[in-house]
Each structure stands twice: as C-alpha cells, then as structure tokens.
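The structures considered in this document are given below.
You will see two complexes here that share subunit A, one where it goes with subunit B and one where it goes with subunit C.
So, the complex of A and B:
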C-alpha cells in the first residue's frame, strides 16, 4: 500500500527515462542494422553451407532511410497512386479491426471455458486436453476450411463475409491463453477466503463475481496481452492464407512479389504490422490501468 | 439482478462494437461483382487461382465491359490465395466455375473430384527456366551440375519432363526451393530459376543490374522455354462441375454463356491491352503499372494466335499434358497421376457452341493477325 507514496514524486522523471530507453532501443537497432550492412561481408556470414547472418546487399538489407523514405513515395498502383504509408495505414486499420473482433470473441470464449472448467471438475478433465490439442492444429489447415464453412452459412439477411473467417481464426489463437490464464486466476483465491464465503452461505455466482474474478485479474492481464498478440498474428496469417483483401497480410505477399525490383517497399507493411502490435499492446496496458485496483502480486504469464 | 443488467449492457456494447467494425470493413472486403445485380441475371461465381492480376485480365474485362451481363450473367470473381485450392472450392459448391492449371487438377480428378475442363484459355505454357548469360545454360542439358530453382507444388513437372527428355537426372542437379521473389536468383543462389514469362521474368527486368547501374535486359538472360522443348503442359483453363453439367441443363447453358463472354473479354484484352491492364488494376491489384501491362501482353501471347479458336482443348496438347503427368516422376518418385483421366476430364462441347455464337457475331476468336505490343518495364514495375 505504501508503493504509491514512495514513488509519487519522481514518477515524471521515471516516465521520461522509460521513453528515452524505448527510443534508445530503436536507435540501437537502426545502428546495428546499418553497422552490419556497412561492415558485414556482402555474401553474408556463412558457416559450412549454412548462412547464419544475411547478405548485406541492398536487395537483402535495404538502408533504413530507404525503407522509411519509400513510405512517402507513391505505391505505383497506377490508378490513384497514394503514398505507400497511406495504403499501409489503411491496411493496418483494417487488420487491427479484424484482430479486435477476433480478440473479443477469443476472450469471451476463453473466459466462458475457464468459468465452466472452474465450476465443474469433470469439465476441466474433459475440455482442457482439447483446448491444448486445438493449438497444435496448423493454421493453414483450418483457414480454408473455416472460409468454406463460413460461406455456407446464411440466415436471413446475414451473409458470412470473408473477414469474419479471418476473425474466427484470430479468435482461435486468442482464446487459448485466456482460458488457461483465467482458469489459473479463478482458482487462485486462498482456500481460507473460499471457505469464508462458503461459511457465510454465499452462492457460487456471487463467489465468482466478488472473489474469483477480481482475484483472477493478475493472471488474466498477461493472458489478455498474449491473446492480443496472437490475434494480430492470427489475423495477418489468415489474411495470407485465404487472401482477404484490404489487410496487411495480403499486402505483405503482394509487395513481396515485387521484392526484387523494389526491395525497400517490402518492409512497409511489416512496419504496419509492428504498429498494429504496438496499438494492441497499448490497449491492454490501458485495460491494466482500469483494473489497477485488482493488480496485486501480478505474475508473468 | 444487478449483475445480469451489467452483463446485458456488456453484451450490448460488444454487439455494437462488432457491428461498427463490420460496417467499417464491409467496404474493404467486398468482392468484385457487377454493379447491377438485377433479378433477371443468373448469379455466377468464378474462383481464380491467385489474387487479381492481369493473368485473369479477360474475366475482369468481361465484367467491366458488360459482356457477362449481355449474356444474362451476374458474375462475381473470387480471388485465390496461398491456401485456396480452386478445384476444392468448385467441388465444394462455393463457386460455379474455377480457373486452374490442368496438371494440378488432374491429380484432384484422380482423387475423385468430378470436374471438367470446359475451355482451355491458355494454349501455351508461360513457364520458363531462366539463367544469367554467364552461367552458360543455353539448353536443358546444360542444367547438369547447376542449382535449379522450382516453386514445387505442381509447378515442377514441365522442368522435370524437360530434364528427362534431355537425359538430365534429378540427381545431376541440385534442386532449390524458390520463393515468390527473384532475390535468390539475383543473389546467385539459384543459377537457373523458374520464371513465368508474365511475372517473374519481368521482375528480373525491373531490377537494377549492379554491374551496369541500369535495369537488366533480355540480353543478360538465357531462357529455356518449355513450349520449344516440347514438354509444355496446359495451364489456365475454365473448370466446371461434371455432375452438374450432366444433370442440370440450366448450368450447362450457363457454362456456354460464361465461356462465350469470357472469350469476348480475352478478345478485348488482345485488342486493348492498355485498357485491360487498367481494368485489372482498378479491381484492386497492387502490381505496378508497367508490370501489369507487361503481364497483359505476355498472357495475350499465351492465347493468341489461337490454333483452333480460343478455349478449344487440342487433343495433342491434352495428350502431351496427360503423358507427362503419368510418366514423369518427381524427386520422391511419384507422378501426378497413375492412370488415364476419365473421359469427363475435358469436353469441347460447350466451347464449340460458344465459339460458333461468337463467330456469328463477328468476334475474332482466332487472332491470326495478333501482334503483341512492346512494353517498357520501369524499375520495380511501377
């Protein structure tokens, strides 16, 4: 409880320092990249037949300023040629939106499964192995299936769109850490607290909402962060897999096809993917601030 | 009570978020359909084998120019992707027609897919094996002892058949798996790389040659063309569901109309390559302007001039494709198919009707006088 008062005064300084460290990290990466490019052998570092460090040619490692500069040049799409960063931004927003839907669905499903498993021991024994097994199925195997099943769904005015398939695949990756983390969290209250509730004759639902859920927050937040990362990755991979138009995944493939003649452009959607990941992580950090009352003794996932 | 109200509010908020997102994204995820979806038109979906690009210029042109609509069809084009198998989509009932290469489909047919090649749009093969002049690979026999690239996944059969014909064993070369781009080739990791005339070959010509500071030119490259080597296999064809063709006469009629309008689209792309390239770019292709035009032009060369009218499946070419598919083993010793495909695997019945109607309407379906245009590629294809 005394943490707040101790760190109250130098907090502003600390924030500045953290920002400075963050920026230094990026600068370090740029310096390393350029240093290796300038000094490394053009044919890469090869041990035996195995290349362990990449070639330093402009084709394999464009200059950082070329990659950034390419963002502000036209994409060369002909029709309404916009600067590359505009295209990348649009694609990033699209991907972020789909990933967000996938994350929400994944979190809801993951929480429901965790509550079910917490409530019934039998459910835990029956469901948990399947949850773990589900993550061993390769994404590229289920992506086309989901698209095809989805396209056969139709009720009333509702038609299944391809982006929903991508969101489903993203949620398929996102629900896993949530269900595992939430289950641990829900089981985390001390026996003495649970027994106190029981001795007061408090029902299971009330125990869930007033004891177990608040206690699960320290376990849940890292799980949500993992879920957000998984949702973004799942979205990009599924976009590649089923060719959904508008997002970063497809842009990565389309630009990669031009990688030989325009190597710097290939990196533009990758920057976009990083930005999407950062926004997703930032959102979870915001969630953590909202839930800070419950964040006691947070454990790393 | 308190909790349940909160829960309902929460669920409501989620639903609103989902709806809002759906609203945002529906613009981006729409498929290409004709604007006028009037009730009189027959809805038709076509599954491509890759993203929208000039390889499919004829279909996009037919949509854009209203050729399908004229035949009473409302055509929706579904793009392909890395893990989409067009024939699976067709047999799954999610598309009415699909575009795919013949050797890739022959394997599916042997495994039980009931599909029919109803129009062989590409008469020639676009697959080549290219190498830098200094590697000295002027014939297939020269591949011996070289690193040879291939994409695999059914793109390797013409190469293997050509090597077999030239007496080069698989053990004589070092076979390298090739990526989407030509970086491996340009870096020298691959001495002879697989390249489609309409795509990867152009990618090389869009790249600066570090030795000269200018773009690479065709003079820098040696090309092994499988059409010349006699091991070409049939590529882009329109596939239909065999069972529906046999049982559903309306579907068979639609097939004829679809082929007819598609061929008209390809004739448009032949006569107006610049406009056709623009139509494809407008459909959402990310390829650069000069690359798109190059692709349109090269694809035209695979179609025109036509030996027996566009779309006709020539028996000799079909037999050659089947023979290679049966007799050429890959690096694991397996072949595409082990026995002759059934008679339903191709049919000229529908394309002949379509060609007859087109000839009556004065559309040139032979392209005897076809002359390709000259396309100047720019750096990066832009």
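So, the complex of A and C:
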C-alpha cells in the first residue's frame, strides 16, 4: 500500500540506487558463472553417482561473452545469413504477440469468473475447486486436445490456426491467478463501504463498478503480473508441444539440437525469452503507474 | 427524569401532524447463530425521534445501540415490530435517501479525493456535475476543509477524515443523520472540537440526529434527549431530557456549566443504576 506513494514520487537518488542494485545483481551472476567455470572441476562436482554441480567445459558452460558474442554472428550456413539476434528478435516478437493474445483472453475469462463468483456464493463453491484443479492438468496433456478441437472449428471464412491453439493454452495458464486475485480484490472492500453503498440504495452493478473494481486493483496488479509470466511460459511450452513454427519455443529446440557443435547458440533464444518476460513485466508496471490512484492506502482514523 | 416524549421543549415541532423523523414501535431483534443458538440483541424497543431533534443512544458494549441504529438505517431488519422513518418503512426511506449515515471509521474511498468522496452519493444518484461541484464546495466550507478539496484521504488526519465523512453524510441534505460512534476513534481534543462543530452543523441544517456513543459527556453535550440502554437483552432503561438550551446556544463554555455536570451525573446514575461516584464530568470509557 505504501509502495504507491513511494512510486508516486521517487527521489532521483533512490531510482539511481535501484538501477545500480539491479545491475549489480546481473554482474554478480556473471561473476559467479565465470568463477565456477574457471575454478570448478571439468567433470563437475559429483557425489556418489549424482552430479550436483555441472561440468565446466565450454560445451556445458560457455563463457558469458561467447553467448553474447554469438548473438551478433550469423545464424548458420548460407541460406540463412542474418545475425542470430535478428532471428531471435523475430521469434521473440512472434512469441510476445501470441502470449499477449493469450494474456488478454486469460484476463477477460479470469475477471468474468471472479465477478461471477463474487456475485453468487454458490458459483464460488461450484467453480473455485475446478479452477484450482484445472491448474494441476499438465500442459503437455491438453496441448494436443486443444489443437484437435480447434481444427474442428469452422465458422464461414474463419479457420482455426495453430497459433490460436497456443494462445488458448497460454490463456489457460493466465486466467488462474487473475480469477483468484480478482476474487480476493472484489471481496476486499470493508463491510462499512459495502453498507455505505447499501445505504445509498444503489444496486450490485453500480457497487461493482464504483466500489469493488477500484478496490480490487491492489490485488489485481500482482495477479496480472503472474498472468503475464504464465502467458509467456505457456506460449513457449505450447509452441514446443503443438509444434508451432516461428516462435521461441521451436527455436530453443532447434538450437539445442545444434548444441554439440555450437554451445553458445543455445543460449540465444533463452535471452530472447528473458527479453519477452521483461517486456511483459514492464507492461504491467506501466499499467500499475496508470492505475496508481487506486493503489493509495487509507490511513486508519 | 424520564419521559416518553414526542418533541423536546427546545426543538418544538411546528405542526402536530408532521411524521416523526424516526418511529420505532415494539421492536425485538433476535440473531440466530450457529447451532440455532439465539441472541436477543434488542427487546421491546419503543422510541420516537422528532424532526430536528438530537437523540443519543448510550449504553455499555453489547447493549444493542448500534443494532438499533442499523435497523433504522435498514442495514438489518427487526425480528418483530416496525421501524418507520418520516412515515415510510425503513426500506423505503433508505431507497428514498431520507438519511445520511456516518460510522466509527470514516470509510472514505482511498482512490477518491476529498471532493470525490463528498460527491460520491450525489454521483451515484446522478446529480449533474455543476450541482455536485457547488454542493461539495459548500460542504467543504461547512466542515472547514476547503483547502483540502483535492487531497486524498491518506493525506488527512483522522479528525479531518471524519469531517469529510460527515460532509458526505450531509451531501444530499438529509433530514435525518444516523451516526454510529463517529468520534470514537479520535483523541479527546479533536473529539471535543468535532462535537462543537457537529452541534453547529445540525443547528444550521436542522436535521434530526440519532447518535450512538458510549461517552456520557458526549451524549449530554450534543443531545436534546439521551436514551440510556441496558445490555443482554438490549432494552431502553430510561430516557433523559437534557435541557441545556438550543443547539445554537451550546458552545465550549457549556462543558464547564453546572447544569452540564448535573446531567452527566444523571446519565451515569441511570447507566449504573446507582448513585454517582468519582469525579464528575470525567470520561468513563
């Protein structure tokens, strides 16, 4: 709650410090990686038959600068002459687009479910267990089903495409935190606020839009952030299991197959996935700034 | 000492056929808990509040004074008996916005400015924005917060928040104000200042007030009549008419007045059912 005011007027100094700490975290990670690579045993740390720390060969742990450098070299043989980062960027944009569609669908479905559960207590008892159960079904299991069902859909000129299956799976992961977070948020107004609205003689819908939705924002924002992360992960995984070309999922598999000859290249699409995640998180942060007036806390009297 | 009264001497009712602001007749309230255990919160309550009259409900915790207020506000319904507000059923009175309400917590919406909070009931009832602006400016002046129109609730002190809540309750110029320990969470000094302001405001607006409190001096200072309640089951033990002059005549000097202390002692006597002990006029919370 108090974070709202902190973000509302950040001191220049504090912002700088935060950036410095963030950068220091990355540097620390690089230093740890390189330090272990330089000092650790080539065959890794093995206890009994169990490898608890990885091998330090160039194959298993390429130098950080090799990974980054590889991004700026050409992708491979003659037919595909663009630098790796161009390919990764294209795949990232594609994946981000599909994830965004999945996120939007997931947020809409999640919100609708939450509103339904808030309105009808029986709906909450009937639907909530299924919402939680839905998340225990492995993605790999539902991916082929979604694809098969989708391919049977046809309305006039509309045909189901594979990317839509991927978006549906992404939304399947994204709706969950939204429905749970929004339900908590919609139920968050104090009794006194609810009774105040009752004393005004206004109906449930007006109460929803004037009281419950604004009050749910502090609960909704973390849920939306989780949903964004879930949508990105769901998209990448679903791209692999459905076999959709053009995104990061397939690229990770393709590059991993070349790992024995080109270990640094494997990391390129992983950087892409991180970038996609950062863009998604940045979007939610922006949303948080736009909604900052709903994140103020009332100081108790 | 006790009266079963319609209007007090200080607030004369102009016409005899004017409906009472609040008429509570033979009300019981029984709460049914888990395993069918019942709690009788109110038993056989009869109370009439005249238009423009200030009535306090006082009693120990659990005497049902808040429950009675909630029945008048139609936030709960009586088990038996009837509650009418200006001649209408409590439900109809709520729908017609016959009353304004304030609680112990200010209950402001944290995402709305002070102005936005005061305009909330007007907005919900589709009052035009120009009329809203004019009304909120007027109310802000009334509660002395004109400089804080664009502040957010978290930037205000507890007393200021409570003043905003009172302004919000007054927004639709109700003829009846229902207040449930509105100053309960404030410090003593703020509390006394707010009491003086409330007396001033009710004098200006001419609204009837039903005021729940467990502070004896507060009840005596504010009220035309003090309703003393006893707990478990909640009953009206007695009703004391306080004759300390009209609202316009009440000011800070009244707190040092001999008649004020006399009334405080009487209420205390009624509450405890015995002769008063201890220092007079001291807060007994």
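The working rule: the second predicted complex is superposed on the first by the 283 of 301 C-alpha atoms of A that agree within 3 Å, B and C clash if a C-alpha of one lies under 4 Å from a C-alpha of the other, contacts with A are read in each partner's own complex, and residues count from 1 in each chain.
By definition in this document, a residue touches a chain if its C-beta (ideal position, glycine included) is under 8 Å from a C-beta of that chain, and two chains touch if they have at least 3 such contacts.
Bear in mind the structure is a predicted one, so any value in this text is a computation, not a measurement.
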**Asked** Thinking of the overlay built on chain A, is A:212 touched by subunit B (first), by subunit C (second), by both, or by neither?
**Response** neither
**Message:** One more residue to check, A:151. First (subunit B), second (subunit C), both or neither?
**Reply:** first
**Message:** Per the contact definition in the header, classify A:225: touching subunit B only (first), subunit C only (second), both, or neither.
**Reply:** neither
**Item:** First (subunit B), second (subunit C), both or neither touched by A:59
**Value:** first
**Prompt:** First (subunit B), second (subunit C), both or neither: which does A:253 touch?
**Reply:** first
**Message:** Is A:163 touching anything from subunit B or subunit C once the two structures are fitted on A? First, second, both or neither.
**Reply:** first
**Message:** Taking the superposition on A as described, I'd like to know which of subunit B and subunit C A:104 touches: first, second, both or neither.
**Reply:** first
**Broader residue contact with subunit A after superposition on the shared chain, subunit B or subunit C** = B
**Message:** Can you tell me which positions in subunit B touch subunit A when the two form their complex?
**Reply:** 3, 14, 17-18, 21-22, 24-26, 28-29, 51, 79-85, 88-89, 92-94, 180-183, 186-187, 199, 203-204, 206-207, 278, 281-282, 284-289, 291-292, 379-382
**Fill in**
Contacts from subunit C onto subunit A in the complex sit at residues 73-75, 94-97, 99, 101, 103, 105-111, 120-121, 123-125, 152-154, 156, 158-159, 161-162, 185-186
**Prompt:** Across the complex, what residues on subunit A touch subunit C?
**Reply:** 5, 190, 192-193, 195-202, 206, 210-211, 214-215, 217, 293-301
**Prompt:** Okay, in this complex, where on subunit A does subunit B touch?
**Reply:** 55, 57, 59-60, 74-79, 90, 94, 97-98, 100-101, 104, 108, 140, 143-144, 147-148, 151-152, 161-163, 205, 209, 240-247, 250-251, 253-263, 265
